[in-house]
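Chains here go by letter, A, B, C and D, matching the order in which they are written, and residues are numbered from 1 within each.
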Amino acid sequence: MIRAAVIGGSGYTGGELARILCRHPQIELAAMTSRQNAGTPVSKVLPALRGFTDLSFEAQLQTDVDLAFLATPHGASMDLAPELLSRGIKVVDLSGDYRLRDAAMYEKWYGHPHRDLDGLSRAVYGMAELFREDIAGADLVANPGCYPTCSVLSLAPLMASGLVDGKVIIDAKSGTSGAGIEPTRATHHSTCGASITPYKVVGHRHTPEIRMALETVSGTDVGVVFTPHLLPIVRGMLTTSYVVLKKDKNKDELQALYDEYYAGRRFVRLTPVPSIPSTVGSNFAEVGIETADMGTVVVMGALDNLVKGAAGQAIQNANIVFKLDETVGLDFPGLGV
Amino acid sequence: MIRAAVIGGSGYTGGELARILCRHPQIELAAMTSRQNAGTPVSKVLPALRGFTDLSFEAQLQTDVDLAFLATPHGASMDLAPELLSRGIKVVDLSGDYRLRDAAMYEKWYGHPHRDLDGLSRAVYGMAELFREDIAGADLVANPGCYPTCSVLSLAPLMASGLVDGKVIIDAKSGTSGAGIEPTRATHHSTCGASITPYKVVGHRHTPEIRMALETVSGTDVGVVFTPHLLPIVRGMLTTSYVVLKKDKNKDELQALYDEYYAGRRFVRLTPVPSIPSTVGSNFAEVGIETADMGTVVVMGALDNLVKGAAGQAIQNANIVFKLDETVGLDFPGLGV
Amino acid sequence: MIRAAVIGGSGYTGGELARILCRHPQIELAAMTSRQNAGTPVSKVLPALRGFTDLSFEAQLQTDVDLAFLATPHGASMDLAPELLSRGIKVVDLSGDYRLRDAAMYEKWYGHPHRDLDGLSRAVYGMAELFREDIAGADLVANPGCYPTCSVLSLAPLMASGLVDGKVIIDAKSGTSGAGIEPTRATHHSTCGASITPYKVVGHRHTPEIRMALETVSGTDVGVVFTPHLLPIVRGMLTTSYVVLKKDKNKDELQALYDEYYAGRRFVRLTPVPSIPSTVGSNFAEVGIETADMGTVVVMGALDNLVKGAAGQAIQNANIVFKLDETVGLDFPGLGV
Amino acid sequence: MIRAAVIGGSGYTGGELARILCRHPQIELAAMTSRQNAGTPVSKVLPALRGFTDLSFEAQLQTDVDLAFLATPHGASMDLAPELLSRGIKVVDLSGDYRLRDAAMYEKWYGHPHRDLDGLSRAVYGMAELFREDIAGADLVANPGCYPTCSVLSLAPLMASGLVDGKVIIDAKSGTSGAGIEPTRATHHSTCGASITPYKVVGHRHTPEIRMALETVSGTDVGVVFTPHLLPIVRGMLTTSYVVLKKDKNKDELQALYDEYYAGRRFVRLTPVPSIPSTVGSNFAEVGIETADMGTVVVMGALDNLVKGAAGQAIQNANIVFKLDETVGLDFPGLGV
């Protein structure tokens, strides 16, 4: 068994990592850390896990492990990763610290300089369906954000085809769990429970990450207009993206392009209209495509922001890093209803 | 025009008072206070009121008024009311400070001694449908809590009839706006948005208030078991109450009892099954009754916790205090859908 | 008093017309028709209106009225309007029958030929803020769809300015009440209650209506890509639209453009981020604007689909037709929370 | 591998059986039947199962199996079970047909006579935690209703203790998936999506089932007052029950009683306040207890109505029937968030 630690385990992604790992046949949940919950049984903080783990939270990682998932906030991961790597521990970081290859870009969007340039240069961007080969040799994986996962997975075949002019509009909608466990005015039920709210319009940190990923896939410059909205659901995300084709393609041709691109990629499912409930609780993403007037193509993606958008993809990345089948421990269907 | 101030106007009940008062034909919204928003236009904090009021928040009440609604927290109202009363200003207090007639009971449930025993002795409990005559002569009205309003209105005819043994079980369900504007873990959307959560089981402060009101109505001792639950809706409340009859009555007889009791009370509507949407946005409460086995009667009540359960009833009380028709400014229907 | 009938009064828009009209000081709700509820008191079908109307549903309009609101399905209105008009009754039609000026376009999108070409040629498109002068002289008003109202109101100042290239992307999100009162698989709570679902992607009937309105406003051809989504809320709609400017304008300049365009239009409110709750229950629409990269502008609109998106705007149109102040009976704020 | 068929597989419980069985290590999903979907791939009707099953729906069961789950409506199961049993196929029926031991009671509550008295007499009531020994030898298991599972599991230790007087009040709240896949006015999102609605007050068919189970557990007559409510969530159920103790017990004593009663029962979890999200997607039920005034005890239960309240418990029953560990294929945690 590969032994794994979840660092910063008292938030939603930490809990989700534990939920999946406690049933993983080849990676063992060996430790969870949390400063605020140090000494407390994990199953007290995460009651759904009672009977599935006997661990208590450690204040700092004491246990010997092969792998660490960093479910720590932006800014904290880059202080933890170097030391873990120096101990020979593989790292999958779920924060934004290692996602943007360019340190200047990081400083611009995250508001402070990057403090681990060495790590930044060796980190691999873990969009598993797109960069599996790079991930296989990595010891530091930057796990993508939820919005980038949903939108890039749904746009990648088009972008890779060279058919698209260099501009993408992404209208994204996320459940509230994407905003984390800390209560705020925005996620207060009375604020958001009967509404849909645009936020950080044109200013969300996932914008440069999406752009970087799409540029890597397409090999060209890409402009991204990205508008996130907060949905009155807990889990689940939908992105509706709009691109213009350089030359006419009908729906069947585009469908074929997608089928081929994702052949053998178990966790991406093509469908006429993506459905959040089909993905909830699972590592599957659904992608659908529709042609509109004026050469515009509408691409829709759906996934569970806590699984494929966070913890599930992180475990998929760990599987790849350790040369396991990428689906091990993740091959269960979404709730459907 | 009667001139009114809303003291503590930056929470939900303050906002709701303003929403209704800005259209009231005989009471004018003349001032709103808020320490945290002092100097800010009211319509900036409450954007739905843009075009309906030009007021800015005052740090403390400077404006000359006839009437003050205290939308202040428990413990703050009793420090404000005496001074307002001494200036000849009528007071309707929406906090719990003047609801429990017994100062010892207040201290037990609110955790600190009462500091205005004089006010406590002259305050009238403003359950408008039950105590209209007392309210008419009052200068200090304790506006009832949302749960007491819903459950007492639905139980009062039975309790007043002497038919009920002295014990009441109330299973109550409230929308999240009842918990106020401050974000907490309990009202975080990801916590409560796909659940119904019992809270303060057997320990909620509205229990002694309900008991006091039912004892007043029935003239006997009453035992109350009260279980509140948090619902994943913003506005609206339902109480399902269970009592045992001392002697058999069929549903028609009970219905007749209710019809008679609430004859001429515009804001209580009898219906087979109360509906929250029919009451939302309005000062109406709906009450329904069903007979079950073993002499048990199931009584259901529904209302909008921010209107009939707070601001609407407060304005109804003010109407009564000032000898206006009690429906003035409140006589509009709920949204229905 | 102007006497009004609501034809087809058992759906949501019929109910909403009644809710507002029963408090309108200058238009009296004089009759409601419903084949399926004929003979039943209106307040039995719409319990929120108990105490506000004593009408019973008529099978067909018998009562003498000055004005009829057609809350009938597409295809039924065009069979009713001519006869009503011939009796001198002004008609505001809430269906799609008279919205598209072009009969061929109507047949293409609604699936049957138009049967009242005369009516079609005299009907006025009742987007009240844009075409008030035309409406004032009309006897047949086509009340706009909810999606067109929200998106056209938010885009009109830009389109009218000549600044925009001829293409608009509209990503629209609607509460379920927009789908009407008849239960379907799509609006079954278990289907839609924890999801957001794109539907009729690139094929919704409101697309040509939006296009027609934007072309009227801009005086040029406009291409529209329109994607509606079903939201898990009951009331409320948000549209997020994307256009590209022909020449650079900063946010302040655009803001100024909007301020000027909507000066004196009480029901359109400019705001940084439109909020559905601020509009719920009211006839107000909120519009916000943000500049993005590549000359793209993001325009957001929010409103209550049953009020400003249907019944409220219909009453606003009736006010204009009868030369009343357009705000009469509609000048109340949204719930806010 | 034990080979299983799901009969009537196009509803929610059929889909949920398939979701769990497709990952069950010892029971194989070998066939699904559906008249309306005959010939269609299962994964087309249940898109979340794409990649997990290659089955197509059969119109009638053709495949050779050891076990059949009847996810058929009340009234249909009793026409199917005898023939299946005669072929040596074990049957777990998820309808109400074999739950009530008394045929007269069945006729009273289900509105038609029972047509398989022989089956009725040999059927075992499959409340797995309470009647495991009886289930182990059975070939026809009546899988309990969702409400009975939630309320009986939470009340059983008290009822078995002989401490309770013979009367129980159960205030139950269910997500909409409990009402099935067919759209109705009650489950239309616009009706139920921002409300909580009592329904079938004192008249729900689960009442006699709860009573039968509690009488079996307690060995005495039990009176049940049962009020179901429809919640605006998709999955999940909460019951809040009220009983009076014959003699005083404090909370610790009651807690000890529960701990002992459920020792070794993996799927019942004791907790201060049961949480629906902790159970969603899983076969776990949570139970909590609180003492109130006047000897009253408040007992709360939570579970996922589609899993522990239907498909999960049915599979647990099948495990027991086939002498497998009762947790096989079910031992995964709830989503938690």
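Rule of thumb we're sticking to: a residue touches a chain if its C-beta (ideal position, glycine included) is under 8 Å from a C-beta of that chain, and two chains touch if they have at least 3 such contacts.
Remember, predicted model here, so these are calculated numbers, not experimental data.
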item	value
Contacts common to chain B and chain C (chain labels)	A, D
Farthest chain (mean CA position) relative to chain D	C
Selected interface, A-C versus A-D, where C-beta contact pairs are more numerous	A-C
Chain A and chain B, separation of their C-alpha mean positions in angstrom	46
Intercentroid distance (Cα basis), chain D paired with chain A, Å	36
Distance from the mean Cα position of chain C to that of chain A, given in whole angstrom	39
Residue list for chain C, restricted to those that touch at least two other chains	12, 177, 190, 194, 232-235, 275, 277, 280, 337
Chain-level touch network, classified as line, ring, star, complete or other	complete
Interface residues, chain A side, partner chain D - complex	12, 15-16, 19, 22-23, 46-52, 177, 194, 234-235, 266, 269, 271, 275, 277-282, 284, 286, 306, 332-337
Of chain A, residues touching chain B in the complex	12, 175-177, 179, 181-185, 187-190, 192-194, 232-234
Touch list for chain D against partner chain B, complex	167, 169, 171, 173, 190, 194-199, 201-202, 223-225, 227, 229, 231-236, 238, 240, 242, 273-277, 280, 288, 290-294, 296, 298, 300, 337
